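The following pair of complexes shares a single chain, subunit A, combined with subunit B in the former and subunit C in the latter.
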Partner chain A sequence: MRNGQMLNTKDLFVSFKTYAGIVQAVRGVSFELEKGETLALVGESGCGKTVTAKALMGLLPNEQVEIGGEVGFHGENLLEYGEDEMTKIRGKHISMIFQDPMTALNPTMRIGDQIAESIIIHEQKTHAEARAEALEMLELVKIANAKERMNQYPFEMSGGMRQRVMIALALACNPEILIADEPTTALDVTIQAEILELIMQLQRERDMGVILITHDMGVVASISERIHVMYAGKIVEEGSVREVFYGPKHPYTFALMKSVPELSSTKQEPLYSIVGTPPDLINPPQGCPFAPRCEFAMKICKLEPPAGVSCGETQRSYCWLHHPDADITGVPEVLQGRSEAHAR
Partner chain B sequence: MPGNEVLVEVKGLKKYFQAGRRRVVKAVDDVSFRIYRGETLGLVGESGCGKTTCGKAILGLLSLTEGEVVFDGMKVHRLEPSERKEFTKRAQIVYQDPYSSLNPRMTVKDIIGEGIDVHRLYRGKEQEERVCELLHTVGLNREHINRFPHEFSGGQRQRIGIARALAVEPDFVVCDEPMSALDVSIQAQITKLLLRLQREENLTYLFISHNLAMVKYVSDRVGVMYLGKLVELTTSEELYRNPLHPYTQALLSAIPVADPDEERSKERVVMKGEIPSAINPPAGCRFASRCRFVTQVCREDEPALSEVGREHLVACHLAK
Partner chain C sequence: MNVDGTVLAGDVFERVGVDEVSSEHLEKPALTYWADVWRRFRQNKLAVFGLGLLVIIIVMLFLGPALSGKDYQYIDSSIRNQKPSAEHWFGTDDLGRDMFTRVCYGGRVSILIGLLCTVVMIVIGFTLGALAGLKGGWVDNLIMRLVEFVGNLPYLIIVVILTLVMGRSLFALVFAMSLTSWVGTTRMVRGQILQLKEQDYVEAARALGSDTWRIIMRHLLPNTLGIIMVQITMSVPGFIFGEAFLSYVGLGIRPPETSWGALASYGQEKLMFQPHMLFFPSLMIVLTTLSFHLIGDGLSDALDPKLRR
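Our next item is the complex of A and B:
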């Protein structure tokens, strides 16, 4: 599956200046996206997954925001690009679809023109050519009566259809990378299944790299190859979907998976729940961000951030429990991925 | 434990909304079911299927177009003045959105104490003690008593909403999507809280949600709604093991499971098209336009909800 890196981030930092203080939303996120793969960024609200995506796209405002680290794309650092240069990247090379298609589409523009707009800007086509391409895109995302729909406004469509329009809009210029930020959260499950199917199919046909941002482990399981679990602005565990789902090594990942009722479970098996709430990112915890809520936390966890430990072929977990000196009595066996690699 | 005593009986409930001169939204169209004392009845369905309308109508928060709701002998929509107060004390609701369902200008003490005041359950110092006790029950503490809703997180606000519902010591609580605005780890906390309270206070729940896995987890019986109709009603185990209505089958198969191997190997039941509008819905079976097994009779005759097995009701011509 390894066939060339398309995008990487190195030690990405994003902080916002607010009246209350500096919010450190993203604190050292690194990952690589390969051609044709789907990488999932998973976490709860406020963990920094959307901010990461917006930083990649250069969509964060310049004022009151500080961004550090590196976003590598074709050998260049996108964070050094100015607004003009980013405009050429956005939509053409990297596209994004948003959670709420009603607010992301322009309510005053016919959808055909919205899709054609980006084709006119990026590919120097005439209006008529661009509209013809827009029509093709609508057919590609399986909108019935695409010809009539071209002249309609977003409010005339259902949520699922609007999300299809968003996908058509994002893919109009054949981007190499698609960032999907909670693409199905606003939709019903049956519509969600169709949209996920559509994203997967288009990805295969176009060999796109997809960064999927979601909080739904089920969605990750159905369409991603790799997963990065984020908590309080940091990546706490990463690996292939099979590694992480069948052998989570970080207590947060473990808890996250156990706290969702499974369809096959019964009430007799009590639901696992994480006590407390995520930390305040104005004063993030000094050690492991999950330590205050972790039932296996040790003294060291609150003092020093844990280093990444390789626990499998591609799996890494950032947890002190993997340290050879850690006391692991009472820790579930699945979490005990202790590795020689820690010494390195 | 759920007994056989009927607490709520819904008979032929219809709620139509006028949408323009000749357009009628049939939000809930002839739905009947019973809720037994001590049980949790789940209602699932996609947005617009009428589940929330149903919940609100049961509590008398909406007038009915037709039909009747009987709560322990009281006709909810034709309450005597003396009954009205009793009913509002015994039946409560927890709303979906903890951000908009708490008055931003009231303190926690006033929000929770309002019902206690109205029903004159406790006064003065005693009332404050009671509010603290309720806060403790839902996992908050007495320092929170003078704060305003905006000072709390979503999960904490939902706890306040639950404490408010419990303040008047109800028998029956309608939980209208109580988790959907919350994060996964917080959802588990609230679920555990609701289940614990049910055990301790012997509550009866109507649990409304679009999350089938969650509904199955908390409910004893589950009703599936589609476009204003109840299409299947059975125990939660049976619904999962032996779904009979094609819509229930499609709904179950659409839920992504957190298991990559299973997820990639399973065959999805694909539904055709989108949900038709509830404005002038199609004649015959409402699901006919999207059903894989549709026959001529489905388009002409509306199937009635009928018993096909023990405690298993289905409205489908083919499930016999």
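Our next item is the complex of A and C:
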């Protein structure tokens, strides 16, 4: 499985200076991405998923933003790269698919030219060569009548087709890493499945690393291997999808899983939801960010951030419940029994 | 026998299955951007009228002197101050020069000045506006302070000083008029760019490795083209007026060269006795201005990418 690390993010910090104060959007996020692997960043709106992705690609504005930590890519720290160097990385080595295909395509450019654009930029090809490659890309993402579609404008296409075009656009230069920022949120359910299938297939064919950003547990389950659950700018739990889905170790992940409706359920009861709202990131809580909303919160949770505890083959959870002294009365069984893991 | 009398021959119910070609058939052919703009422009009757009028005027300016067979500088004291006639369509001036030919030559100068000034204005205005909007920060601050500074200089005094320093030439006139004119364009383009740069496709272009210059040229320029085209069509008549005014107060084109403004200025002195000397140059200014405005109005609708359907 471990066949070469490609991207290595260490202790990433991003803060924005606003009128209200400094928003600490990402607070010490670390993860590694391997070749051919799909990593999911999951969390609710505003937890820092997209900011993390933009920081990786150097897409955050230079002013009013402070970025710390390290983004290792082929032994170099991307955060030290200047705008010109990043321009060469973007699209060629790391590429991105955006959430809303309705607005992410230029309305005044033919889609063929839009795809050819990045080929011309990165591979120094002539317009005709680039267009020929663009046509191949369109066929690759299974757009019917690709030849005619090349000369169409985005407004002549449906949402699903535009997302296919976005994928063709992102993959035109054969990047090593693809960041998909909620690629299916704006699409309807039947199209979602097709797009995810397409991303998966292209990933297998090209052995790309994919970072999938989403809040949709179903999407995560169907296409990723590893999952990082983010909350208030921090990773609260990470591990393989199997581990995290079948044995969530952090109360937040546990609550997330519980709030997914089950099709097979026949119980007549309201859907579970987590009380409260995420903390204000201008003054993030001292301890565990989830503590104020956590049913099992202890005093320590509000005082100090918990350290990561390994509780499975690849699983790690950041929670005080794993401490041997923790009060685990009434705590669901899945979350329990981590005390030995803590000792390990 | 069918209801409407047609005979159903034996094999019409034979199964043919999915037709690969027609099931993926595209309804309408892809129109190019400009073909689509032209299609919508044509629907606007007044705009088409304006375009026709402008074409006629321009054809007249270039073929007119050949048609009349006169020289615009030729002085013939025997035919001074003639009213319009079959021989002299717009009459003659007080030196016996053919007014029609003079109006044609003057019009070339006027329209040339209008176009040159507009080009300079758009190039400077767009570049600075796009930089200010896209780069933000100190670049934006610097450019906008420059805009405020230049925008607050009294236009007329600048022009007077410049024509004094540089002499009364066509170049000096264009330079003087362009010097302060780009301010409005810069402001407008900057505003537009500030709005456009937050669009996802600009960020997507950045995410795919486009540099600033490419983003400006490929993504921002085409999307601001609507307002720029409208500015162009609206400012050409503005500059024609400006030139007319400067020539009128004696700061413009120097005789024997002429322009509509210079002709009108000259004709104004003879208004009481030879009204045709003022009437024809003024008429041309009015018609040209009108046609540009009508075209601009039509273009602003036709070029709006948001209205494309």
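To be clear about the criterion, the second predicted complex is superposed on the first by the 334 of 344 C-alpha atoms of A that agree within 3 Å, B and C clash if a C-alpha of one lies under 4 Å from a C-alpha of the other, contacts with A are read in each partner's own complex, and residues count from 1 in each chain.
By definition in this document, contacts are C-beta pairs under 8 Å (C-beta built on N, C-alpha and C of every residue); 3 or more make two chains touch, one makes a residue touch a chain.
Nothing here was measured: the structure is a model prediction, and the numbers come from that model.
Asker: Are subunit B and subunit C a fit on subunit A, or do they clash, once the structures share the same frame?
Answerer: Here the two partners, once superposed via subunit A, fit next to each other without clashing.
Asker: Quick check on the superposed pair: does A:V241 touch subunit B, subunit C, both, or neither? Answer first, second, both or neither.
Answerer: First partner only, subunit B.
Asker: Looking at the overlay, what does A:A170 touch: subunit B (first), subunit C (second), both, or neither?
Answerer: second
Asker: Once the shared chain is lined up, is A:Q152 touching subunit B (first), subunit C (second), both, or neither of them?
Answerer: second
Asker: Given Cα centres, how many degrees, to the nearest 10, is the angle at subunit A formed with subunit B and subunit C?
Answerer: It is 80 degrees after superposition, to the nearest 10.
Asker: Quick one: classify A:S45 as touching subunit B (first), subunit C (second), both or neither.
Answerer: first
Asker: Does the superposition put A:S273 against subunit B (first), subunit C (second), both, or neither?
Answerer: first
Asker: Least CA distance subunit B-subunit C after superposition, rounded to whole Å?
Answerer: Once the two complexes are overlaid, subunit B and subunit C approach no closer than 8 Å between C-alpha atoms.
Asker: On subunit A, which stretch or stretches are contacted by subunit B in one complex as well as by subunit C in the other?
Answerer: Common interface on subunit A, subunit B vs subunit C: 144.
Asker: If we count contacts the way the header does, which residues on subunit C are in touch with subunit A in the complex?
Answerer: For subunit C paired with subunit A, touching residues are 24, 26, 29-30, 32-33, 136-137, 199-201, 203-211, 214, 218-219, 222-223, 225, 305-306, 308-309.
Asker: Which residues, counting only subunit B, touch subunit A once they are in their complex?
Answerer: 46-47, 153, 155-156, 183-189, 191-192, 195, 210, 212-214, 216-218, 237, 240, 250-264, 268, 270-271, 273-275
Asker: Quick check on the complex: what are the subunit A residues that touch subunit C?
Answerer: 57, 59, 61-63, 84, 87-92, 95-96, 98-100, 103-110, 117-118, 121-122, 144-145, 148-149, 151-153, 155-156, 166, 169-170, 172-173
Asker: Write out the stretch or stretches of subunit A touching subunit B in their complex.
Answerer: Going by the criterion above, the answer is residues 44-45, 144, 158, 160-161, 188-194, 196-197, 215-222, 241-242, 245-246, 255-257, 259-267, 270-275, 277.
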